[in-house]
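Starting off with a structure, shown below.
Naming follows writing order (A, B, C and D), and every chain is counted from residue 1.
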Amino acid sequence: MHVREMISTHPDVQGSAADALIKCIEECYACSQTCTSCADACLAEDMVAELRQCIRLNLDCADICLATGAMASRRTGSNVEVLQATIQACADACRVCAEECARHSEQHDHCRICADSCRSCESACRDALSQVH
Amino acid sequence: MHVREMISTHPDVQGSAADALIKCIEECYACSQTCTSCADACLAEDMVAELRQCIRLNLDCADICLATGAMASRRTGSNVEVLQATIQACADACRVCAEECARHSEQHDHCRICADSCRSCESACRDALSQVH
Amino acid sequence: MHVREMISTHPDVQGSAADALIKCIEECYACSQTCTSCADACLAEDMVAELRQCIRLNLDCADICLATGAMASRRTGSNVEVLQATIQACADACRVCAEECARHSEQHDHCRICADSCRSCESACRDALSQVH
Amino acid sequence: MHVREMISTHPDVQGSAADALIKCIEECYACSQTCTSCADACLAEDMVAELRQCIRLNLDCADICLATGAMASRRTGSNVEVLQATIQACADACRVCAEECARHSEQHDHCRICADSCRSCESACRDALSQVH
């Protein structure tokens, strides 16, 4: 991904791209892909009936991660209050999804990787909150 | 849209679809389309340079409305806390976007229509919050 | 939805919004919501293991419908070739999803409604193709 | 991104993830973010009125890249014909966007980076087409 290069060449940013925000954007796009993959892999498992809640949380997390990644990418004008609320909702979605995936981590490698990705994204969201003002 | 029919035929819902949630989903998809259109119409205006903030808020609102509409459509399993935070963020995005669009309502009909659509979606989101538990 | 009002107030369109394109945009957003709901309802069915292909096609159709609806909403500048290819891909996705949903229409009302929604969207996409030039 | 790990742990894939498809998914998510950023940076430029077509193509490309990235991530069941049509539309969108961004590459670094990202995604899409069957 070229998040840092893109944001540092924005006419209103002029090189001073905030590290925590860049990391948050990268993690949001990565986590959305991971959650989309995990929902799809869970669906193919023999025990799919026991993975319904995991699939649901994966799909929700994939949606909010994409919205957050796109919104946080915008540096023209300002939408601080909304961006903060969205990053917060995204961090919550990642936490809840990581907890559910962690329950299946020993049985399913895709859930183990997805739990890690969600925790990493949650952490990046929380770090970014302090830089969004 | 077929939101009511779809949710009332969900195996775990059995006909008792909550009215406020259905209205919220319909408004989220409609508002996302309206905001996408308004950003595009603002971009074509002669005074585009003065509409930057409006375009930015339109794009942000379109993104969070889509995530909210999809997430609120899911009735399998449960993700209450995350859904509440997302609907709240969506209501905030709609309020902020409506306020900005209202500033250009006399000059641009698309901003007037979009302000109405955002206010209607904000109201539907706030009504739905009480039914998400 | 306010598709007609929004497009007819676009500064470059000036009231002459093409009916087929407006219908296509409305159907794309509606079909995306229906497919998201149908995937979720299929996931909750006892026979979920037999509905994997239906869920997969629902999710794919929901994604391409959203991209098509947003892209077709834009009237600033021009992207004819790409819009045509995308509407064509969307019509294909709707056809394939309708065929799969139709296989479960007698058992599951959500699949019956979704098959209708996909057929309606496919038809609107094909009608719009002749007006995108 | 964890595309390779996620796809290689899918129960139906069993380690044999196709390299070209993995690259395509990674490029689609990266290109969507780059195009979202480029649209936003163009909007902030003094010469925004001359960048309308670039912004429009950026937004279209961002949308189809996301749909393609999500659809290509799914390995449960099969949707070959639709996936091929979508990847083809995505490659077209990337080519057209790269050509427009290249016109502004000397003036705007974000357009130069975005043109590279679009060309790279177009190439990955074309390579993936031969592996989707």
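Everything below uses one rule, namely that a residue touches a chain if its C-beta (ideal position, glycine included) is under 8 Å from a C-beta of that chain, and two chains touch if they have at least 3 such contacts.
Quantities reported herein were computed from a predicted structural model and do not represent experimental measurements.
Comparing mean CA positions across the assembly, the chain most remote from subunit A is C. Two chain pairs are in question, B-D and A-B; the one with more C-beta pairs in contact is A-B.
When subunit C is fitted to subunit D on its Cα atoms, the angle of the rotation, on a 0 to 180 scale and to the nearest 5, is 180 degrees.
We define each chain's centre as the mean of its Cα atoms; on that basis subunit A and subunit B are separated by 21 Å.
Annotation: 26 Å between the Cα-based centres of subunit B and subunit D. Along subunit B, residues 40, 43-44, 46, 52, 55-56, 59, 66, 70, 74, 76 each make contact with two or more other chains. Here subunit B touches subunit C in the complex through residues 1-3, 5-7, 9-12, 25, 29-30, 32-34, 36-38, 40-41, 43-46, 62, 66, 69-70, 73-76, 108-110, 113-114, 117, going by the rule given at the top. Across the interface of their complex, subunit B is touched by residues 40, 43-44, 46, 48-49, 52, 55-56, 59 of subunit D.
Contacts from subunit D toward subunit C in the complex involve residues 52-53, 55-57, 59-60, 63-64, 66-67, 70-71, 74, 76-79, 81-83, 85-86, 88-89, 92-93, 96.
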